[in-house]
Amino acid sequence: MPFSYRRVIRFHETDAAGVVYFANLLTLCHEAYEASLAAAGIEVKGFFSGQGGMAVPIVHASADFLAPLHCGDVILVVLTPRQLGPHSFEVAYRVEAAASAPATGLLPSSEPERSLAVATTRHVCIGLENRRRQPLPSSLLDWLGALAVVEGGG
Amino acid sequence: MPFSYRRVIRFHETDAAGVVYFANLLTLCHEAYEASLAAAGIEVKGFFSGQGGMAVPIVHASADFLAPLHCGDVILVVLTPRQLGPHSFEVAYRVEAAASAPATGLLPSSEPERSLAVATTRHVCIGLENRRRQPLPSSLLDWLGALAVVEGGG
Amino acid sequence: MPFSYRRVIRFHETDAAGVVYFANLLTLCHEAYEASLAAAGIEVKGFFSGQGGMAVPIVHASADFLAPLHCGDVILVVLTPRQLGPHSFEVAYRVEAAASAPATGLLPSSEPERSLAVATTRHVCIGLENRRRQPLPSSLLDWLGALAVVEGGG
Amino acid sequence: MPFSYRRVIRFHETDAAGVVYFANLLTLCHEAYEASLAAAGIEVKGFFSGQGGMAVPIVHASADFLAPLHCGDVILVVLTPRQLGPHSFEVAYRVEAAASAPATGLLPSSEPERSLAVATTRHVCIGLENRRRQPLPSSLLDWLGALAVVEGGG
């Protein structure tokens, strides 16, 4: 079941071309990732500041920009994580218009909306001491279990 | 009646000291300003991109930082505008913790909360052709009327 | 001949994990792109604000993060554009440490340095009226000609 | 003797009004502060991440915006610090056009240029354990001594 994050585009996110600056699209996606972790009970302040000597940095990101976003636009970022291995996962994001303004939260039905952008981030869990790979913590496995796409015949 | 804007602090707003980067506090305040304009029916995309040959740039800003803000903190930005003359107004912002999570919207009672920061922005209406002062449009006068502090005996 | 852009990492680009926020890496790359355009005599203010009814938006971006960047680090962004067709081009970026501090400008020899990150942006020229593809302007063809990798037996 | 920091305005610093977003002006000023600390031999990575259990957070900031800044504009941020007491100092910034492109460094003569903006930041030295005021370290006293305005008869 994908996680959906509602957001209004703000003035500081636009640039002199009148639309959202391209790199800010990835920031919008990361906000959705933060919201999904918080919704799963993960304390984000500690999670993102290396609590427990662990970090889960992004090692790869990509984005496709399909339509311009303007100040005041209401968007949904629909997020689906997928475990890649014992140490890593990937998050897929689809940004769509949210004219009919649903709230942040779990998205019960996936009504097809026109995508404004899609993006992906790939994350690897490491120890901060030696920067070597280590297994994903149970909190992230729980988050993955709750949100990940179930492949195959459900 | 002040306007209240609820917001979660996001990771990209923090810096290597572990707290919100000072200038981002003003960005949080400006988001509250944008939300208050939208709530008053002003179409922010046009308003901020010079529609009608008019702009209302910020000519002065100041902020006092009273306590650090961390990733995941839930804050309220409580906003009160005040007209300064035919061409200008000022907006006062108070940032406070929103542990008990009220929604964005009008703040019915002003319960005293510990301020985390206060800020002010001063805005002047100009014509974009000649960059000379011009009277505030009726949409802003309405917004001021709805939100401004009533001075004197109620 | 690739274009090289020298830059000091600033505090506001870091996050509470103590390193550059991932999406800001793409902003560093875009700065190098802007500097290379300016070095080729393109007036960037007009270029990026739709002068002549033309825009060259980014339709795709990707980045690989190979090592953390810290406040105060001096980096080089080495940029190589490549034309993809009559309407589009791609820019490849390699971010490396610049301990021995060369200046911004053309990079005479390409000494192998350890890459801290690599990234790509893909750009398509469009008309702003109809948002349809149109040929790259001569100024960009000149920039591509000066900086593009010459394929084949050099 | 004031410190001067040269900088090109970048696209991501502008907003849909076509000029630098107001809060980014304070970021430009902070970059000049960082450059002045580095020029005085202070290791900024440690300084800004709480090395030695000490921090020097900004407790107040203000800015006056006198003229719009556009993508591609070359500016100078001229910085002058002033000690306020044993625990605190203030930095004054003047942003001016740098058409005739001097390099970053100490500004030998202070030729009067039209100011585009002015700003101030106030900093207080604290211990990170107890967040109580503590004396400025010798490195900052040296920086203040080298750059501070000498008051009184020359």
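Letters A, B, C and D mark the chains in the order given here, with residues in each chain numbered from 1 onward.
Operating definition for what follows: a contact is a pair of C-beta atoms (placed from the backbone, for glycine too) under 8 Å apart; a residue touches a chain by one contact, two chains touch by 3 or more.
Bear in mind that the values here come from a model prediction, so they are computed numbers and not experimental data.
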Contact steps required, at the very least, to link subunit B with subunit C come to 1
Please identify the chain with the largest separation between its CA centroid and the CA centroid of subunit A. D
Using the touch rule from the top, work out which pair, A-B or B-D, shares more C-beta pairs. B-D
Interface residue identity across copies subunit A, subunit C - same or different by half: same
At what distance in angstrom does the C-alpha mean of subunit D lie from that of subunit A? 35
So the centre of each chain is just the mean of its C-alpha atoms; given that, what is the distance between subunit B and subunit D in Å? 25
Provide the C-alpha centroid distance between subunit A and subunit B, rounded to the nearest whole angstrom. 28
Residue ranges of subunit C touching at least 2 other chains are 11-12, 14-16, 18-19, 21, 23, 27, 30, 45, 48-49, 70-71
Which word fits the touch map of the chains here: line, ring, star, complete or other? complete
Spell out the residues on subunit C that touch subunit B in their complex, using ranges where they run on. 11-12, 14-16, 18-19, 21, 23, 70-71
Per the touch rule, the subunit C residues reaching subunit D in their complex are 8, 10-12, 14, 18, 27, 30-31, 34-35, 38, 43-45, 48-49, 70-73
Seen from subunit C, its contact residues with subunit A in the complex are 15-19, 21-24, 26-27, 30, 45, 48-50, 55, 57-65, 68, 121
